[in-house]
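Below you'll find the structure I mean.
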Amino acid sequence: MLCIHSMYSGINISQTDARPMYLQILEQIRARVAAGDWPAGKELPSIRALAAALNVSVITIKRAYLDLENEGVIVTRHGKGSFVADVNGLAGELREAQLDEHLAEAAEIGRQLGLTEEDLAARLRRVHRNLDKK
Amino acid sequence: MNTLTRKLIAKELYVNRGFMVIGSAAGIVSILIATQGQIGFNIGCLTWLTTIIAMGVMLAIYGVMHERKEHSLEFVLSLPVSIADYVRAKVIGLWICFLVVWLVSSVAALLLVFLKESVPDGIAPYTVLLCGFMLANFGVLLCGMFEARSEAASTAMIVVTNMGISVFMFTVGPMNGIKQTMWNAAPSWNETFWIVLGCELAVLLASFALPFFLSARRRDFF
Amino acid sequence: MDNKHIEMRGVRKNFQFFTLDNLSLDLEAGEVMGFVGPNGAGKSTTLRLAMGMIAPDAGEIRLMGHAIPAAQAAAKRDVGYVSADMRLLPQATFGWHMEFAKSIYPEWDGGYAATLVKRFNLRPEQSARSLSLGERVKAVLLLALARRPRLLILDEPTTGLDPVARHEVISEFMDVLRDDDRSILFSSHNTVDVERISDRITFIDRGRIVECSNKEDFLDRWRRIHVQLPAGASLPELPNIVGRVVDGQFVTLTTDRYSEGLRTLIGPYVREVQRMNLEEIFVANVMHCREVRGS
């Protein structure tokens, strides 16, 4: 079976996904950095090269790279390109950021259901205890 | 004339190569038929006339009308040409296509007149005028096709120029200088002949030149 | 230095039943612009005006820096134009057309052309007359792409193409963008493609440009807000609402300027806030414009 090893072919954008395209790219790059597949110092493909490879507009890639830079995941050196940031504990930071996102979603649903802060905390404790039991 | 205009003219010739070959062949064959006795002569003349008229009409229709309808006009206009270049190349290209058929057929007809004994040489001036008329007629048709702004107008042009042949035969045939000398043994290049020829030439040149001043100046082609 | 590939200012064109009015459009080098609008809005007319095939009644047009239609021959050297209803010369083969293009354009890349012939599944010996719709579109695209023009103007370039062919074609377009001096202006009903590859989107409706923005900003601004109003409750005055559908307790609002502030204004009644894809925005936008215009 033919296995294609490529820097871009794993990155995939679904237009039926509710999340915006730039966000999908951003998350997939973040995941690769967190997993170590894209190690610190690795050069990212140029914006235009990635755009052409993924069949996505340049502006979408630009936005993803901009947000990644604001998050500290990548560093852009003017005229030289973009590189995976060399920051210690980055993987941990990313995971924590992910946790915060999930918690925010949960809080939102709680609010829609009309739960108070205590209700929400109680539910979280219950789930946490169940995890320990497994 | 720039290279692109030349290439477009070459394209016109390439695209109409079928007409040129068939038309020329049909013209020659018609004359050959015309050598076969009185009946052959009548049939031959008829097919000779039909060939030249038909070729003219086909070139006008396929060359101008169809290209507009069939959207291949967009393809040509997407090339680095101006509308003026396009019209110039079209006019010159289609004229060359017709001239090939016309020249072959006219020369064949004149050869018939001068070489065949049963055909009196006196008919030569009339033949020349007839050939000249066909050429001028094509010129008017082509010019009309360019300037026509609707399919109805184009069709009207075709009908009118087709009728022109009959009109020619009924007006020029009986003319004083022509009728009397037609059946003589020697051709009579008299005043009437030159006047009619002059008119034909004028119409020819005007019809050739007109699109260069009208259509070529158009700023819209859709 | 201004490096605009297309500049249109205040362009007007009158037809018997339709007028293109006050059209202004800019295309920068390195950019992909999607041109979207209902049928009869004036997309094809605009593209033909840009190419000098039609002359405007008012306004200015510049193509690759050249004044149009005066210098159209020079401008078109660098422009590849493809329209879905364009046809090749019926009395010639596709191969002839490739040779013809090669003889006209010095930038013709024979190797790339050969690659595309295979990729698009075309045969040079085919007569232009015998091409199916999809083959014809691919053939005309090939003739434009193989020249590597700096600007591609495309009118419905994916018409009649099956999904695989569409993917191949879009990949070739995106390949063009590797060079930041090349640009694409394309009109399409395929909003999925437009949404994916455009940097900027221009909406046209009934001869007027309704909107022209950066795609990401555009997609960011539009939302559908699903609201549930219990009995007796009502919504406050809300800004920037361009659509409102009421079904009993359930109200669906469409906004073209979403912000957290708007959400707060609606308060606890919000059930869900959804992003909209380009097709939904397109329809909502056109409906709204027509309402505003009172037609």
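Quick notes
Going by the order they are written in, the chains are A, B and C; count residues from 1 in each one.
One rule holds in what follows: a residue touches a chain if its C-beta (ideal position, glycine included) is under 8 Å from a C-beta of that chain, and two chains touch if they have at least 3 such contacts.
Everything quoted here is computed from the prediction, not taken from an experiment.
More inter-chain C-beta contacts link the pair B-C than the other of A-C and B-C. Central chain assignment: C. Criterion: smallest distance from chain C-alpha mean to the mean of all protein C-alpha atoms. Per-chain CA centroids place chain A at a distance of 74 Å from chain B.
Distance between chain A and chain C, defined via averaged C-alpha coordinates, is recorded as 31 Å.
A straight line joining the Cα centres of chain B and chain C is 46 Å long.
Residue ranges on chain C touching chain A, taken from their complex, read 30-32, 167, 170-171, 174-175, 177-180, 192, 195-200, 214-216, 219-220, 271, 274-275, 277. For chain B in complex with chain C, the residues that touch the partner chain are 4, 7, 11, 14-16, 18, 70-72, 74-75, 77-83, 85, 219-222. Here chain A touches chain C in the complex through residues 13, 15, 18, 20-22, 48-49, 51-52, 55-60, 63, 112, going by the rule given at the top.
Of all residues in chain C, those touching chain B in their complex are 48, 51-55, 69, 72-77, 80-83, 85-92, 96, 100, 103-104, 140.
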